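Common to both upcoming complexes is subunit A, partnered first by subunit B, then by subunit C.
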Partner chain A sequence: MQAYIIRRLFQSALLVLIISALVFFILNLAPGGPLSGLKFQISAREYSEASVQRYKELLGLDKPVYLRYFYWLGDMVRGDWGDSWTVSTGRPVLGLIMSRLPNTLTLMISATILSLVLGLLIGIVSAIKQYSIIDTAATVFSFVGISIPTFWFGLMMIVLFSVHFRILPAGGTADFGMENDIGNRIKHLIMPVAVLSLINVAGWSRYVRASLLNVMQQDYLRTARAKGLSGSKVITRHALRNALIPVITLMGLEIPILFGGAIVTETIFSWPGMGRLYFQSLVSSDYPLAQGLLFVTAVLVVLSNLLADIGYAIVDPRVRLS
Partner chain B sequence: MSATSATALQAEFGPTTERRSQKQMIWRRFRRHKAAMVGSVILLTMIAIAVFAPLIAPHSPTRISFPFCRDCGPSADHWLGTDSLSRDIFSRLVYAGRVSLSVAFLATTFGTVVGVLVGSFAGYFGGRVEMVLMRITDVMLALPSLPLLLILSKVLGPGFNTIVLVLTLFGWMGVARLVHGSFLSLKGEQFTEAAVALGASSRRIIFIHLLPNSLAPIIVAATLSLGGYIIVEATLSFLGLGIQPPASSWGNMLTGAQAKIFQNPLLTFYPGIAIFLVVLSANFVGDGLRDALDPRGKE
Partner chain C sequence: MAHHKLNRRLLTLLALLVLLVPVLAACGGTPAAQNTPGTAAQATTAPATQPTTAAAAQPTTAAPAAGETETTAAPTEAAAAPTEGDAAATTPATGGDTATGAGQETITIGMSQEPPDLLPLFGSAYVSTIVEEAIDDSLVQRNEKNEYVPQIAKSVPRIENGGAKLTGSGANAQLTVTYQLRDDVTWHDGEKFTADDVIAGYNLLKNPNFKTPSAFVYRDQLASVKKNGDYEVVFTYKKGELDPTYYIVGNIGIPSHITNKVDPAKWDDPKANPLVNKPVGTGPYRFVSQNPERVVLQSYDKYFLGTPKTKNVIFRIIPDTQALLSQLQAGELNASTEDAHQINQFEDLKALEGRGVKTYTVPAATWEHIDLNLSVPVLQDKRVRQALMYGIDRKTITEQILFGQTQPLNSWLTPTNWAYTEKGLNKYEYNPEKAGQLLDQAGLKLDEEQGVRVFKGQPVTLELMTTAGNELRAQTTQLIQQNLSDLGLLVSLSYQPAAIYFGDPPDAPLAGRKYQMGLYAWVSGDDPAGFELYHSSQIPSKENNYTGQNYPGWKNERNDQLLKQANQREITREKRLPLYAEQQKIFNEELPVLPLYQRVNISTAANGLQNWKPTPTNTPPTWNAHEWVLNK
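Moving on, here comes the complex of A and B:
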């Protein structure tokens, strides 16, 4: 087990390196380079070959790109993530990201819990009552859930609950002056969490259903029934425990999708988190900030994959051997 | 017993069954999937509208129409009204479908081709080629794709070609895995061994023997990925990093609509329902194809 974890840890570190290198080279080898946005930022009078050169020297962009990658990596490890160029000019990137991290985590953790509860519930009920009305409804729901664009679902929610019924706020984390009011915060959380959860509930419920149906055909379940266990005990004690093993892996794989969803959801609901910050950094060509955010994303994604794999190895001993 | 007498016996004593070709059997199974049939009709209609857009759209999608009329409601001239630049919304929707469907079909084609190539090389050649290719596939699958799609699009300069390129770049892995798995199991089959024994070239074995036998899951995966591409294209365009105005796409029409969400909430409805209908139809068709192409499925 220890060897397995160490091996996976090593692979994860490698993956973070690959992603960070990928992002670094995408940004630095692009036509125009990282300063392509500069001419929009400074006035035309100031923009000249000389000023571009000065900026390049100032930012260390005059050195070869592979060298710069190692400088950058060294700085990142030391905690110097550079300063934001445009979104919050001059502010250290690391501090800026850290100030937004709690908001994003609140959103993601709430969405994950909600998706898990609903996904399991719908999946289990539709597997036990296969081909019933509930099962059919769940099937239709999951098709709708994976076919509806997240951002449009968000917009429709705003139209319905903020514009038409006026019962939920269209954006932000809390009303002005009500930051410490839990009820007000929850009100702001409802729509973003619903939007972020939809696709996961749709996907996970199908997965749980398929997995449970598969397990229910196994011989050991017939044995459990044959020895006289009640229906509910067979399901909870024998079927579910085995059916939920693959769901752990699935959750690890869904985390990257959650990050994508956060960009869209936070942008629509003006939620001051990492996703919206990333979008802003792209729109205003704030490359140090974009790079820092992608680094955090990469670390969190890889970490969650690692946790899912280790969790899987703990509950399913067969994995450790291969 | 010779083959002819067996047929004769069958004709005389056996249960009378109609002779059906493979294609007829697939069509019969597909037809029974009602949602897939409805989906096909909707999808074909949308494709027809996209192809014949100039004949269907009453106005230009990009030109400001006169008499000047900003954010006007539906009228006889403008069926769905006009947007904030006095452009006909219905015409913009029709042309947007053209753009969105073209992007999705191109990305599906390229993504499937790349996936097939990577998967078949890895599956057929094995060894180090397999290890490298499948490791790359796994890493790509573990990447958070939307953030990277956005930054690539930004850096390369957003537009039609860029979006097809980045969608392809992040869309081939599913097919690659599928083909890889399928090739691994087919490599052990006797017809492959026979082909090898007869001295067939690698290219012949891959394209004549292995690939046609992997076709069914590839078709299903490609159909199901179509909807995904449409959603991602719409998302990129909505965020301003996809199809650029004045050209309309369902995604970028929603960007304009969001700004007017309190004044004219209906604007957010039309493009979204178009995306939703097409994607839902594509997913139903994919589901129907999966049932129809599965030889273990019910007769």
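Moving on, here comes the complex of A and C:
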């Protein structure tokens, strides 16, 4: 197991390196960038080869792409992730990311825990009481939940609770001057968490239900029942454990999303998180910031894959990591 | 075993997909941004006609900004003062009850995006200038009538009033501009604003390590900047440099007592420049704090034009326009700025009038037009270009797409520009019959069977190109396509990502002159300029190293003479006005470009908010923040 983990870590490091290069080069190949359209932004008499060249030098863009990649990588390793160009001019990328991360984690972890609890509960009940009224209701709820577009649901909630009833704030993480008031913060969390959870619960409960139903038809469960185990024990000891494998796969993929944030939800609820930061960095050609964010995502995806694989081994003894 | 391997492969594949999505988004992302009117459309989508002016006009304004932390400046007051959000949400009508004067204590304004920086003299995004205008004042300032009025300076220095002088003539002509400064202006930390602060700005801008692509005036045109006592600054230009916007050259004051040791190359580095995290200005409002959710300002009691009437101004950043509308409706916001709205929201905004929210529209400095590539044979005939103009129903376009908030444009100058001369301009009111006749005369005969016009044996097809993802432009081009097909002209529409459309020559469609008809916008500056746009030496080509922005490729001898005279020989309005009047007549007759309309700036303010005066320029509505009062 240990050897396996160490080997996988090495592979992961290599993978991250390759991804970082890909990200860097693709980003720099894309049309756009700080020099694109410069001709339209400064007057023609100012636009000379010399002035463009000087601007390039100041931004560090005068060197070939591959050299810039190595400079960037070297600085990254030493903890200097560069400075933002356009989103928050001059500020260090790492600092920007760290300033948004707590907001995103608060939102995403709250939403994930809520969805996980609800998703598991609904999924299990639906599976055990297949085709009952509860199951049918859960099925309908899931389809509705999956079908509702996030932005529409979010706006409807704002119209209902902020505009009509005026009981919840329409956006932001806290009111001005009340940043340390937990109650105020929770009030701001309610709607975005509800929106995010709706979709997750809808999806996850279906996974849990399907997976559990599949497991419950297995021979070993009949054996477990035959040897006299109680219904609840069969479910918790034997069925659920096996049914969780696909859910772990899902959870593994969920980790990068936890850190990446949710662009649409964050935008609608004016939630200053990673998703919006990422979106802004791309639309305003802020390469240092976009590179930093993509790098974080890459590391997280690779790591969470590793965690998911290890997770298999824990819940499923048949999996041998060798 | 096998299926676990499979699972793992699937996982890796999924993971790669997750990674790829952002990368793909990156490729497609840029253009989307450049088209979003929210993101300072003026700056990105619409190339500026005269950005030097714009840049020079804005710089002073700024006082730098803010980290994610609050400053120590006024923590006690800040804690006591601004109320917003929750309080406003539950009792929107009353807001802050403990107001000092006649009005409410706090005005909350919605904007679309966090200001990237609040640094003075730094090429600023429109959202930055919104905040900067409230924090910092300039020597001279543009008002809602598009006129420059004195702020820190005692008067606007012009040749006409003796504030500027022109000596010699021709290559020896030399311009000197003298600003008399008020002696009662102070920075927010109490230091006096003096001539040294202006000179410090000049020294910064002319430094080659200062990170801006546009400081041409300061690097190349000025000979010296000297003070004469503490409250007089004299700008002397090099001989032969006739800067048409000389009267705003002094808008470059910075708090030199704070920045005198800052390395120009590190102007935007928060570790080197204290202004990055804590802007200090001379304006009516002091910077209190900034985070990704809001920028908080508080009135500066020693403001030289009198203590502002409202104690707190809070800018809230609300990226989603629908969410912003809800918050206006809920009374959580008292106003919203132009970056947050698009013309297609006009009717939604109008519907809010019953709820105490007033909509303000002003024709913008940004004007949409179609460049006609005069290298395309069929477009070389003046009658064809005039036929296009008669055949496009611009009145209907402005009425239906822009809700009648703007008018068709007949010149390349907007009616708010001082050099705009309406007299003698053909209005080209929609007249398909006349358009048909002109096309007939030009030899574009209608093939009755096909319903298509034929030129030299070929059916006439034209490609109309514009940026992708811009709803206003998409609707406009579709109506134009319909209009022209009624004339028997086949028009295909091509939507390009802005990064490609506005890309660099020789490959880019516009700058490389590889288009047929190109719809886009220019932002007109305070000075009419126009030399780079329409002088024949400014047709970008390989030979002239792609200099200039005369993308139609217009060449007209009289036009060349007039533009040269108006831009390089004369500097007084009195002498330039008749030159531009004649030039506009030629333009209006020759039509190398089909002017369409000015865009519309939309902002909102609560009914009780007095003195909300949006401008027809790039000057944001915060320019007169010290006059704002929000009635109780």
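By definition in this document, the second predicted complex is superposed on the first by the 291 of 322 C-alpha atoms of A that agree within 3 Å, B and C clash if a C-alpha of one lies under 4 Å from a C-alpha of the other, contacts with A are read in each partner's own complex, and residues count from 1 in each chain.
Here is the rule we use: a contact is a pair of C-beta atoms (placed from the backbone, for glycine too) under 8 Å apart; a residue touches a chain by one contact, two chains touch by 3 or more.
Being a predicted model, the structure only gives us computed values, none of them experimental.
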**Combined model on subunit A: subunit C and subunit B, fit or clash** = clash
**Request:** Once the structures are superposed on A, label A:F70 by its partner contacts, choosing first (subunit B), second (subunit C), both or neither.
**Result:** neither
**Message:** With both complexes overlaid on chain A, does A:R166 touch subunit B (first), subunit C (second), both or neither?
**Reply:** second
**Prompt:** Looking at subunit A, does subunit C or subunit B touch more of its residues?
**Reply:** C
**Message:** Taking the superposition on A as described, I'd like to know which of subunit B and subunit C A:F143 touches: first, second, both or neither.
**Reply:** first
**Partner chain(s) touched by A:F259 [first = subunit B, second = subunit C, both, neither]** = first
**Prompt:** Between subunit B (first) and subunit C (second), which does A:Y131 come into contact with in this model arrangement: first, second, both, or neither?
**Reply:** neither
**Request:** Based on the superposed arrangement, let me know which partner A:I19 touches: subunit B (first), subunit C (second), both, or neither?
**Result:** both
**Request:** Mind working out whether A:Y278 is in touch with subunit B, subunit C, both or neither, as first, second, both or neither?
**Result:** both
**Asked** In the superposed arrangement, which partner chain does A:M156 touch: subunit B (first), subunit C (second), both, or neither?
**Response** first
**Request:** After superposing on chain A, check 60-68, 114-122 or 276-284 and name the one in subunit B that bumps into subunit C.
**Result:** 60-68
**Message:** Need the overlap of the two footprints on subunit A, from subunit B and from subunit C, as residue ranges.
**Reply:** 19, 22-23, 26-27, 30-31, 151, 155, 158-159, 163, 170, 253, 256, 267-268, 278-279, 282-283, 285, 290, 294, 297-298, 301-302, 305
**Prompt:** Considering the complex alone, what residue numbers of subunit B touch subunit A?
**Reply:** 35, 139, 141-148, 150-152, 154-157, 227, 231, 234-235, 238-241, 251, 254, 257-258, 261-262, 265, 268-269, 271-272, 275-276, 279-280, 283-284, 287
**Fill in**
In their shared complex, subunit C is touched by residues of subunit A numbered 19, 22-23, 26-27, 30-33, 35-47, 49, 51-52, 54-55, 58-59, 83-84, 86-92, 99-100, 103, 151, 154-155, 158-159, 162-163, 166, 169-173, 175-178, 184, 187, 249, 252-253, 256, 267-270, 272, 276, 278-280, 282-285, 290, 294, 297-298, 301-302, 304-305, 308-309, 312, 319
**Request:** Using the touch rule from the top, collect the residues of subunit C that touch subunit A in their complex.
**Result:** 4, 7-8, 11-12, 14-15, 18-19, 22-23, 25-27, 29-34, 36, 39, 43-44, 47-52, 55, 67-68, 78-79, 82-87, 89-90, 92, 113-114, 116-117, 119, 122, 125, 208-209, 211-214, 216, 265, 267-270, 276, 291-294, 296, 314, 316-320, 322-323, 326-327, 329-330, 332, 497-500, 502-504, 511, 529, 532, 538, 545, 547-549
**Request:** Write out the stretch or stretches of subunit A touching subunit B in their complex.
**Result:** 15, 18-19, 22-23, 26-27, 30-31, 143-144, 146-152, 155-156, 158-159, 163-164, 170, 253, 256-257, 259-261, 263-264, 267-268, 278-279, 282-283, 285, 290, 293-294, 297-298, 301-302, 305
